[in-house]
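In the two assemblies presented below, chain A is common to both, partnered first by chain B and then by chain C.
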Partner chain A sequence: MILKNKKDKNRKFLHCTLLPKNRRGDKILSAYWFAVLLIVAAGIFAMVYVYYGVPYDVRNVEGHLLINAVADCISYSGRISSGIVSSGKFIQNANFLNQCHLIFNSSEWKDEQYYTEVNFYKIEDINTPLLTIKKGNNNWISQCEIQKTEKKETLVQCSNEIFYSLDDKNNQYLIKILGVVRKSEKNVKM
Partner chain B sequence: MNNRKRGTILIENLMFIILNLLFLTILILFLARQGNGAVVLEQSYAKNIALLIDAGKPVMEIKINMEDAINLAEKNGLKREEIVKINGNIVTVKLSDKGGYSYSFFKNVDATAYPDIPSEKNYIIMINGYK
Partner chain C sequence: MLKCNKQGQTGETISWVIATLVIIGILIIFLYISSTMAVAKKISIGDLITGLSHNSLVLTEKTAIAHQLAGNKNKEVIDKIILDYDKANK
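The block that comes next holds the complex of A and B.
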């Protein structure tokens, strides 16, 4: 009897009945039920906020597009541009990439958000580049080293591609292109 | 007495189901609105257009289906011509009265954006040539 009274007391305490005279709704409108609804709603709102609050990260695609644009500029139809190599000899034109119709600065950013580097190797020796040409903000290159060991989204995105090409004397070369895109604030939640 | 009790259970259950359905409907509507919200679409289209320009070459004409964005912009009282703007190397997509979203591209090209014929809910991006 005492136990039953205690149960009733607890029930009356915890179930805040909004319809005291008519107790039809007391099961539905109990404090427990509202708490459960609130918790579920809060959870879903939080998940949606987290999901849609994170920007789309397109830097990897952008990096590969940058590499393709550079590759098209330095080598077309499998032949290295005559502005880089002529009669089997490399022309030391470090600013060659300025002819590639690339624009790395914009009013959106204080600094340039891109960097690209092209290395030309002989097939027999892929350790010493014959020529290196660069364009962009070289401050980002150090972050590529960090990315190799530890993936951090807030750092720059580095992409690499390698391909073969020929010069006008049909000598084969291996070309390595590095494409770096920062734009972290627009692609990652900082 | 017995009949009254059965009736109570039925109403309780009905209210329970109705409230649950109402709760779920509100949540689904909220999720659907978030997915098709101006902020998400602006970002998605601005980045898409910037990447298309980066991948494109002069004299290319790119047609993008922007039905959802155009519908939303018109609902928010914006004209079709105001949705996509290209200034220098920055694409800006605006679907509401608030700021819009901008993303830059790296190709030094002269690009223009304009809406397709009124019956089509597309946008046309023209890459006119290198600058």
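The block that comes next holds the complex of A and C.
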């Protein structure tokens, strides 16, 4: 009986170690490896797609650059341009910004994607503008009001800045500039 | 019929299953990080300019020059108005 058991054990050992194994396990392992490769590849693809699928939104910077360009045009070395105010009196030139070499048209877009508005105030009253000059597509300005209450990326980006300047008679003025940039399709995932 | 000991194979299979779960978990974490980074792709002027004032450097310089020309007349009042406006539009 003991001898028979020993024989059985030896047979079993030989069967499990030396004899050719059942290859089904290897096939399953290969399929598993393939599945893991696919999962990892899909994961990397998803990561790249998620990250690069969203464009950089640079409209805020663009809006401020627009404001800087407008500010350089209307006031230089601390004095407001003589084309706007002369001897303490504002010249009602609504098209002044046309002299600023700002190009708002682009072949890439059907409509103008920019709008800018400049308001001049006395420092005693910063709510009533003495003069307002505008340039660009004024359809976008209504979206700035919506942006104040609820931030929506797909709407226009509105930037506001204020600075101080003098006229030739040293009268003091505060100048508010609004810069609006749309270009939503290129800056936001629609 | 002869049967081999299956205990080792079972243990190995469980390791593979855990490894798969770990791989999927890591992928999900990375996917979450990349989606968070994608949202942060909005570049604003505040990221480019350091300092207390949100107002851009060009306009700050213009204001400073005007203050110098005016001999700092009403400087505090004007600076306060500018600061309040900046805060309101931040």
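Rule of thumb we're sticking to: the second predicted complex is superposed on the first by the 148 of 190 C-alpha atoms of A that agree within 3 Å, B and C clash if a C-alpha of one lies under 4 Å from a C-alpha of the other, contacts with A are read in each partner's own complex, and residues count from 1 in each chain.
In the analysis below, contacts are C-beta pairs under 8 Å (C-beta built on N, C-alpha and C of every residue); 3 or more make two chains touch, one makes a residue touch a chain.
None of these values were measured; they are calculated from a predicted model.
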Exercise. Taking the superposition as given, does A:39 touch the first partner, chain B, the second, chain C, both, or neither?
Worked result: second
Exercise. Of the two partner chains, chain B (first) and chain C (second), which one does A:91 touch, if any: first, second, both, or neither?
Worked result: neither
For this session: Would you sort A:186 into first (chain B), second (chain C), both or neither based on which partner it touches?
Result: first
Problem set entry | Which partner, chain B or chain C, touches more chain A residues | C
Exercise. What is the contact status of A:146 with respect to chain B (first) and chain C (second): first, second, both, or neither?
Worked result: neither
Exercise. Does the superposition put A:114 against chain B (first), chain C (second), both, or neither?
Worked result: first
For this session: Go through the superposed model and pick first if A:75 touches only chain B, second if only chain C, both, or neither.
Result: second
Exercise. Can A:102 be said to touch chain B (first), chain C (second), both, or neither?
Worked result: first
For this session: For A:61, decide between first (touching chain B), second (touching chain C), both and neither.
Result: both
Problem set entry | Residues of chain A contacting chain B in one complex and chain C in the other | 25, 48, 55-56, 58, 61, 68
For this session: Spell out the part of chain B that touches chain A in their complex, as residue ranges.
Result: 8, 11-12, 15-16, 19, 23, 27, 30-31, 34-35, 37, 39-40, 43-44, 47, 51, 54-55, 88-90, 102-104, 106-109, 130-131
Seminar exercise, completed: Touching chain C in the complex, chain A uses residues 11-12, 15-16, 25, 29, 32, 36, 39-40, 43, 46-48, 50-51, 53-58, 60-61, 64, 67-68, 71-72, 75, 77-79, 123, 126, 153, 159-166, 170, 172, 174, 176
Exercise. Quick one: in the complex, what on chain A touches chain B?
Worked result: 24-25, 27-28, 37, 41, 44-45, 48, 52, 55-56, 58, 61-62, 65-66, 68-69, 101-104, 106-109, 113-114, 183, 186
For this session: Mind listing the chain C positions that touch chain A in their complex?
Result: 2-5, 9, 16, 20, 23-24, 27, 30-31, 34-35, 37-39, 41-45, 48, 55-56, 58-60, 62-63, 65-70, 73-74, 77-78, 81-82, 85-86, 89
